[in-house]
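Shared chain: chain A. Partners: chain B in the first complex, chain C in the second.
And now, the complex of A and B:
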């Protein structure tokens, strides 16, 4: 599904990514974890096209990364900080983003709006939304569009417990429908519960990519992560 | 629906919500009315303000021709205050999208850079063109009412030529907004450069040929003389080349992510 080969990126003399190699298969819910500064956001930005890597190739569904709409339609990216037009309603915004993906699944959209308890907020300006509500809006659009892979950067930030539960159900449904999730997070316990595979990034390299059950065994992901960090 | 159409529509919605769709046409209509009204009533205004303190109006002074007055609307009002107003209203055209992350958000969706730029330019140019045309039409009505009739064809030709200069103003401001990050810097560079173009127009035929502000000069000439200058088509072609270059450079800057501070 997502294949990253020898990905390198540096800023000036500082090398952030030192040859990232990662092959995410269809149906994976990958927990992408690493310490601050390990290069998680740089990797995500390289995949989504926000940054141009210095070296390496990225393909999704066999399509090589480029500025083409064909490549961009393979994924839906939920960034950590959600940027919206503050003076338009949530409903108008969702329709705007869905149109960019040439998607008009109104019934599916309404289903997720209800699931995430956003019916009342939909007609209010997005400038009045909380951080969590903005994340919910992105999740609604992502699950409605149903792309081959959803790439998320800390998607649970600001979400209330009920929404986290809805998120888990929505991910399960999405995977059953043939989707793949690339889930960057600092929350190791959540990653352990939601994800079926984990990739640990350290010093700009993938040091582990394995099924969670095989990695964790009798331990917790937190313990394994700390061991890998040599702390 | 194509991304170009969706993004153009989005720009219109934003202009509507920011009330730009109201105030910009009103400002240009005010500027359009100012030149003929002030010119016509200047003797009365001076008499009222100056009284008997040394200001006298030559009673034998011939009344200005309507064509000269409407040409002055373009050359004085629109080319000075008008430029500043267009630049100030457009200085954040890309800068604000860069600053609030909207540029990255849109470009990680199935949108090509060309569609993003096209949506911005199409919506903003059509809107500015309508505002300028409204101002020009107000000026035309006042000139016809207070002075004399201006041939319709010349009036239309003049505004068409002038709008090419306006398109350059927009594309130039767009490019500066793509490169720089501070609104003050963008406004300053854009206004100073555009006014320099304007100051240099009419100085030398070769400069006029290369200068996009020459289109403004041609618009005024067609009104005053009623004929098209032989250098018009050359100047028009070169102005369109300048416009293409500014848009191409902006496209390159955005595509190559040069706007990211590494």
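And now, the complex of A and C:
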């Protein structure tokens, strides 16, 4: 599904990614973990076209990364800091994105709007949304348009407990429908419960990418992560 | 897909304004809009009754294009070439060409609507008195000429934007943009003044204030002479004749089609130029933001640390730095233009300054207005943006924060005032009176900077993503003027009343100096001793 080869990226003299190699298969729910500054967001931004990597190749569904709409229709990205047109309602935004993905599924959209308790907010300008509401709105968009892979940067930040539960259910449904999830997180206990694979990024390189059951065994993901960080 | 393009244009249009939350701001904005509308309507009506229909149509083109020209310069730098939408749209499956088309259509739509609203009284007036053909010409040509003006400016700025990746940082890029637009304006002004100066003596343009009838006749004469002169301009005169005449000719159709064709060509070129570099420029924007580094000076003084904090806030956005640079250089540049014009005899012929000592006073107050106009002291708390909460949550001294903001605003204004007076001196005008006026202006600028941040401190507008929204597009700017301007107006009026009452230049200047010292002392004491104690 998603293949990253020898991804390198630096800012000035500081090298962030030192040759990331990753192959995410269809149906995976990959938890992408790493310390602060390890390069998680840089990796996600490089995949989604926000940043141009210095070296390396990225392909999704066999399509090489470019600025083309064909490549971008393969994924939907939910960034950590969500930028929006502040005077536009969430509803207008979802309709707009659905058309971009040629995927007008009004009933499905209504279902997720209800599930995430956003019925009233959807008609208000997005500039009035809280941090959590913006995340919920983006999750509704992502699960509604149903792209081959959903990429998320810290998607659980700002979500209330009910929304976290809805998020888990939505992911399950999405995977059953043939989707793939790739998300970064610091919440290792939740990653352990939701994900079926985990990848650990350290010093700009993937040091582990394995099925979660095989990695954890008798331990917890937290213990394994700390071991890998040599703490 | 067309529908989506329309939607995106609508989204961009919605970004041109932000609805203020405070009722006071809403009221001020409504008053400001109606004030502008009424002023332009008054000018239109005055020209309608003073000149003939042809002149009326000509001045309508002129006023609406001038307004559109000023607005397009502002919006193109702060919105069209800002890439504020990059984080929203870049990961979505939408081609850069469509983003650029929507952005350009949005600016064309907003500015032609603003211009059209201002045209409503003109159209009503023409409807009463004139032929159908003239009315149709006005309705057709004002938006078409406005669009051409917008596209011409966007084209020039697009060319600069295509070299965006060569600029070391965003501040340099913004300063170049501003400089180029300023140079274009200066070149146009110079060409017009040069042409008018060559063909028309300014004595003929003087207004006669003796009676209302003489004033009306002299105004009518000025309007007519400028119009007749423009008609004699090669090419422009021919085009204008077909546009303002009361009939339809084949030349009119050719001119109209020419304008539409040129606009279409510019539109295509702008889209092409900007689409090619969209991802490259957007990525540069993200990269430059990610690698931003701010110097930290280890200083003992508490005040120095507070001031350093203000510099960090300025350093967060290139737009803020550019405003600071502009605040410092604009006044000296305008001073140079003013003094050159004065030496060329353009200004002295229009406003007859024969009495000794008057020019120094006019100049000093012109510097005061120029320094305060581009001053960013009205929105220092909004500039803090998402970090504003730190002011309340950290054990910071609010009085020190306030005064460090006032200090930061006063430094560039102070430099601007002093440099302007040095230029004044180099032109050979400096004397003791002018020196005293400089001290007065410095104190008034400080007073202005003390008063203008008050509203922003109480109602900061911190939820912005585009830094221009925090500074110039911030409605707090208008309210800050209500706080700062009255003192300036009172002092300037008092000065001229004293002169009118027969006081000598020396006595009136010393009196104003003493009044300014008193005002500055009172305002400063109010803030240091009372205001923050009450709070």
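Observations
In this text, the second predicted complex is superposed on the first by the 231 of 231 C-alpha atoms of A that agree within 3 Å, B and C clash if a C-alpha of one lies under 4 Å from a C-alpha of the other, contacts with A are read in each partner's own complex, and residues count from 1 in each chain.
By our rule, a residue touches a chain if its C-beta (ideal position, glycine included) is under 8 Å from a C-beta of that chain, and two chains touch if they have at least 3 such contacts.
What you are looking at is a predicted structure, and each value in this text was computed from that prediction instead of being measured.
Considered on the superposed chain A, chain B and chain C are sterically incompatible, since they clash. In the superposition on chain A, A:174 contacts neither chain B nor chain C.
Applying the stated contact rule after C-alpha superposition, one finds that A:127 touches chain C and leaves chain B untouched. Of the two partner chains, neither chain B nor chain C is touched by A:182. Touch criterion not met for A:116: it reaches neither chain B nor chain C. According to the touch criterion, the shared surface of chain A, contacted by chain B in one complex and chain C in the other, consists of residues 11-12, 48-52, 67, 69, 72-73, 77, 79, 81, 83, 85, 87-88, 92, 96-97, 99-101.
Residues 11-12, 48-52, 67-69, 72-73, 77, 79, 81, 83, 85, 87-88, 92, 96-97, 99-102 of chain A are the ones that touch chain B when the two sit in their complex.
Those residues of chain C whose C-beta lies close enough to touch chain A in the complex are 1, 3-4, 7-8, 10-12, 14-15, 17-19, 84-88, 90-96, 278-280, 283, 286-287, 290-291, 463, 465. Listed in rising order, the residues of chain A touching chain C in the complex are 11-12, 14, 45, 48-52, 67, 69-70, 72-73, 75, 77, 79, 81, 83-88, 92, 95-97, 99-101, 127. The touching residues of chain B, counted against chain A in their complex, run 1, 3, 6, 10, 13-14, 17-18, 100-102, 104-113, 255-257, 260, 262.
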